[in-house]
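In the two complexes below, subunit A is the common chain; its partner is subunit B in one and subunit C in the other.
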Partner chain A sequence: MRVILKTRPRAKPKIPIEAETIIPQNFLRKNDIRVYEGNKERKLEDLFYVTTEGPAVSPDQVEVILTGDTGVIKRVGEYMNAGRIIVEGDIGMHCGNFMSAGEIIIRGNADSWLGREMRGGVIRCEGDAGHYCAAGYRGEKRGMRGGMVEVLGNAGDFAAEYLSGGEVHIHGNCADLPGVEMRGGTLTIGGDCLRPCGNMTGGTCRIFGTAHQFLPTFRRNGSEVAEYGGKRYRMAVYRGDIANRGKGTVLIRE
Partner chain B sequence: MTGLLVKNAYVIDPLSGVNGEIMDIAIRDGKIVEEVGSGAVVIDAGGCLTLPGGIDSHSHVCGTKVNFGRYMSPEDMRAGRTARKGVMHVTSGYSVPTTFGNSYRYSSMGYTTVLEGAMAPLEARHTHEEFTATPHQDMLANTLFDGNWSIMEAVRDKDVKRAAAVVAWTLAAVKGFAIKLTNPGGTEAWGWGEDVHSIRDEVPHFGVTPAEIIETMIQANELLNLPHSVHIHCNNLGVPGNYQTTLDTIGLAPDLNRERQSLYLTHVQFHSYGGSTWKDICSKSEEVARAVNARPQVAIDMGQIMFGRTTTMTADGPMEFKLYMLHHNKWSNHDVELETGSGIIPVYYSRKSLVNCVMWAIGLELALLTKNPWQCMLATDNPNGAPFVKYPEIIALLMSRKLREYEMKAIDPRTEHFVPLFAIDRELDWYEIAVMTRAAQAKALGITRIGKGHLAPGAEADIAIYPLKPDELDPAVDYQQVMAGFAKTSYTIKRGRVVARDGEVIVEGANSTIWTRAEVPPEFDLNKDPEFVKKFEQYYTVRMRNYPVQDIYLPRGVSIRTEASL
Partner chain C sequence: MKVEDVVCPFCGCLCDDLVVEVENNRVTSVENGCTLANEKLMEDHRLKNPIRRERGSWKDVSYDAAIQETAEILLDADRPLLYGWSGTHGEAQSVGVHLAELLGAVIDNTSTVCHGPSILAIQEVGHPGCTLGQVKNRADVIVYWGANPIDAHPRHMSRYTTYADGFFVKDAFKERKVIVIDVRKTESSAVANEFVKVDQGGDYAVLSALRAIVRGKGDLIPVKVAGVTREQLFRVADICKNAKFGAIFFGLGLTMSPGKNKNIRNAIELTEELNRHTKFTISPMRGHWNVYGSNEVFTWISGYPYAVDFARGIAFYNPGETTSVDILRRGECDACLVVASDPGAHFPRACAEHLARIPTVQIDPHVNATTHLATLQIPVAVTGIDAEGTAYRMDGVPIRTRKLYEGTYPSDLEILGKIYARVKEAKGS
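This part shows the complex of A and B:
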């Protein structure tokens, strides 16, 4: 089944739409799906042109395509556990929160908190991601726990904060403090970053650009070769964060 | 005013001695009256269960720690959202909802009076502001004295009258209702990074013990003739083996009041653990219930936990730190100068956790093993054990052994080796539930005299009509209907006005805040006491004249005046 949701013109297009109900399993059941426009509860049809093509017998067979002014839509794919969502543009905050399975593809940029506390599944963002990409909620000590988040562009501050499992791959640069408080999982940064991996206790972070202001609380532990983008690079290996008795591994291109 | 007439009601009103009679209830000017004229609006209850409005005698719904619980768990605020509808505000939150969310949910369950379990005196303004925004329940505030420096100095000096004077001044200043002791001495010790581990341990730097604080405050409470007794959260909450502390505390309670208990122990489930570690924790509900059964001067509430996500919040700072050391997740810790403290941690009670299963069983056991329902009230210590919206489920568990058996199959199978619940056959009846959800609370809080908790002429017309027909239902079997019925009233009537119908709030509320003013002789008026004034000048960050809560914070304040016997 393919469900195409195209945003309708709105009198106040800047008012965000909160749409955690846009997940494949909800379309399978043909529920009366409602979303919030600001503090007003609306029927999905009031804000979107809805087109449905083909049948489905399980959520795995449901593909939701979002088009139009999608950058103001928040929480798409929250608690998603099957199927696929394709966003043909930008997406608002909190996309893929707590997602446990399925796939989200974003053709544009993603706002902050992409894949926050994700448990499984795949998110692929073809543009840039905002702050706290694949991180934990405020105060939560375990962030993303499984699955994969791939960002082809850059990411903002605190990418993969509290990462506990799964894989995060930022092809471009990361801003301040990527991988802080990491406890497990793998973070790969294709470009540069600032102050990575503070307080890290576990997991692996690979940085193929320059790690600016890398903390002195990591201990050099030899070198190794890593492959990235079809090329092989010699990487400096660090262990830490010693200040936190951490046993994480950071590999930085030499 | 034309009045209101509820016809054909199946009334259970334990305080008036009514048990299952089909009656009409006449209401005029917000009060129950003998009769109303023919022009009265008529509600046909159709033989449905009709009870006095529910009273929650221990719940955390308003105040600084509650609000902190809201903003430290933004994910909780995503749950339970309802849109603005009619007179109803937008609400959100599950375990710690917005104030209007609390009010509407209580109202749809037929609750019309709620006691906030712990108000820090210094932060009372915030509590009262949130009371005003909880419009459908009359509110009361337990006021924390557990770590109050002036109280502990009076205890050290063995000066009960001075302790009473401090209580009288503070209750009047912060518009509080009753004395609350949370981990007496322990919260102050926590300010120094320590705790007390029995009621005979000395509180660091003050030279007093929890037992001395408790005994002095019980006597001070009775000297002031306060409506409620001392309301205590015992030391060692949540610690395996803590039942001994609970028994010791119960043993301190003298029988000083003929109308109500002399000591109210709250959330006793959290204080009824045997064993010495989390690995061998077991239920000691039988010992605790036996002690309660033997002492009519003691009343308790269950502190039932229910499985699922919730938020723990208490003035017991050291206990929350211990919980933090177990979870290593979000934690808030707070000190209130010269008075008390608090801590907050979100938790998840799991059926897969043996400890959680034992806790779940203990709460039910306390209710089932306490012979006199007037001595054991239904509460979850909302939201610590579970959000109050779980009350209907707890009622059904108490009324149906079949439901308990069904639940016991879903929990950790090892549980039966650690608890006696599997061997308890008792099923509570409608009358006992009516006692445990409103009548006993009214009696324990001492608010029957202002018309709460009963339906006799002159009482406040707070009434809950549930879509349940006791003559046609067997709660032991039809527990699903019991749960659904107690979750949504057909009508909730507050002070003579229908405020909720079929679970939906239909009018704006106008609640009252009930507080206590104990009149003391001039020599015990602390406003001019040099030592008391000096405490503000030397230690408090607020001036004494700025400390009292102004009347503007209580738009509909109702004070209960008492004459102190000092």
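This part shows the complex of A and C:
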């Protein structure tokens, strides 16, 4: 089944839409799907032109396609556990919160908290991701725990904060403190970053660009060779963050 | 008439030893106050009555009309924002939170532009803090990090730290060591025993280095960290480890520089590390008068200290998303009520521009930068001068303020109470 959701013009287009109900399983039984526009509850049809094509007997046969002014829609794919969501443009905050299976593809940019505390599944963002990509909620001790987040562009500050499991791959640059408080999983940064892995206690971070202002509290622990994008690179290996009795590993291209 | 033990209505120190002279409903002299207190208490530039902007000019309106219009603006909005709250008393803040819940609004206080990151860090790792009385009586090492108390909290040093003799610190000026850590020399660094000059944005690295040194891993530290020499880092770590009781006070130089809440978390974890050697505490230098109280009141009622979004009927909190600056910068909100603060003076330009585009109502005694963005302003009494109520000092101690005279202005509590009643009536709840 394919469900196409095209945004309708709105009088106040900057008011965010909260749409955690936009997940494949909800379209299977043609539930009365509700979303919020600011503090007003709306029917899905009030804010979207909805087109449904073909049948499905299980959620993994459902593909939801979002088009139009989608950059202000938050929480799409929250708790998703099957199927696929394709966003033709940008997507708002919290896309793929807590998702455990399925696939989200974003053709544009994703706002902050992409894949927050994700447990499984795959998110692929073809543009840039905002701050706290694949991170945790405020005060939460564990961020992303499983699955894969891939960003073809750049990511903002605090990418993979509290990363505990799974894989995060930022092809471009990361801003400040990627992998901060990281405790497990793998973070790969194809470009440059600033102050990576502060306070990390576990996991592995690989940086194939330049790590600016690398913190003084990591201990050099030899070198090794890593493969990235079909090429092999010699990497400096560090252990830390010693300030936090950390046992994480950071590999930085030499 | 002389009034003693007056609580200063300006900064988070809430000095409660002021003596003021009142004549004809005006404060005519202030003893014991700093310059900021004198200005605040003796000012004479109140807005006389509510005003509404009509076709580019201001028209006087009655309190009743202004209250009714405010209620209608808020009821019409799909994403109203209620911002400010730090300059008023807890009782008014409480009505504000209930109003936000009734409206499905976002309510936020000035923590969003000051110590919001400190709160985030405290939520991650806790707060090894203490009252200012403990600092005064016990601390022999004081660290000011990214704070300049002589300018921002002028009596902090004389009442609680550098110059304040305490029960166990009989001759404070000689017995206390003061360390100032900042990106530039300040008036406060001039009176410090040790000034540590950190490169802009280098605080996180310096904190990490100090943590490593304190826990015996100093061999890792290079000759310089963010502009600070290895020798000085070791010296500072030694002073702190050898303290009988140490207290770190940090300001916006740490909360609002790169790293933000992670700087504070690192500072708290340094404090924890120092507690393996001696007694050490850490506290934010809260600036706006009752901003601590707004965090307390918001938390009692909603569970969260600032940036609380009631749009879905339940409280949701996510600084960066539900904070005023972010909401305004994204152009999300369609009406704003500003109470006891001045976002026009403090917020980025894009936020101020959005405030000017939407209906913005300000409840404030004075004409300020926000007035120029507002559509309606309702003047009120000043808490601690002609209104009374409870406020919290920067260390979390609640202090009751009194009226110095019976004025003619209604209090924030009265105005907000009436707006709440109108909204409640319109909603039929």
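Operating definition for what follows: the second predicted complex is superposed on the first by the 254 of 254 C-alpha atoms of A that agree within 3 Å, B and C clash if a C-alpha of one lies under 4 Å from a C-alpha of the other, contacts with A are read in each partner's own complex, and residues count from 1 in each chain.
By our rule, a contact is a pair of C-beta atoms (placed from the backbone, for glycine too) under 8 Å apart; a residue touches a chain by one contact, two chains touch by 3 or more.
From a predicted model like this one, the values you see are computed outputs, not experimental measurements.
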(request) Put subunit B and subunit C onto subunit A via the superposition and say whether they clash or fit. (result) clash
(message) Is A:138 touching anything from subunit B or subunit C once the two structures are fitted on A? First, second, both or neither.
(response) both
(request) Could you tell me if A:12 is touching subunit B, subunit C, both of them or neither one (first, second, both, neither)? (result) second
(request) Tell me which of subunit B and subunit C touches more residues of subunit A. (result) C
(request) Determine, under the contact definition given at the top, whether A:38 touches first (subunit B), second (subunit C), both, or neither. (result) second
(request) Using the touch definition from the top, say if A:242 reaches subunit B (first), subunit C (second), both or neither. (result) second
(message) With both structures aligned on chain A, tell me which stretch of subunit B collides with subunit C: 25-33, 61-69, 439-447 or 457-465.
(response) 61-69
(request) Name the residues of subunit A shared by its contacts with subunit B and its contacts with subunit C. (result) 36, 39-40, 137-139
(request) Could you pull out which subunit A residues touch subunit C in their complex? (result) 12, 14-16, 18, 36-40, 93, 112-113, 131-132, 137-139, 158, 176-177, 180, 195, 198-199, 213, 215-219, 241-245
(request) Within their complex, state which residues of subunit B touch subunit A. (result) 72, 74-75, 78, 83-84, 90, 328-330
(request) State the interface residues of subunit C toward subunit A in the complex, per the touch definition above. (result) 77-80, 103-105, 120, 123-124, 201-202, 204-205, 207-209, 211-212, 215, 217, 220-222, 225, 258-259, 262, 265-266, 269, 310-312, 317-321, 330-332, 334
(request) Would you mind writing out the residues of subunit A in touch with subunit B in their complex? (result) 20, 36, 39-41, 137-142
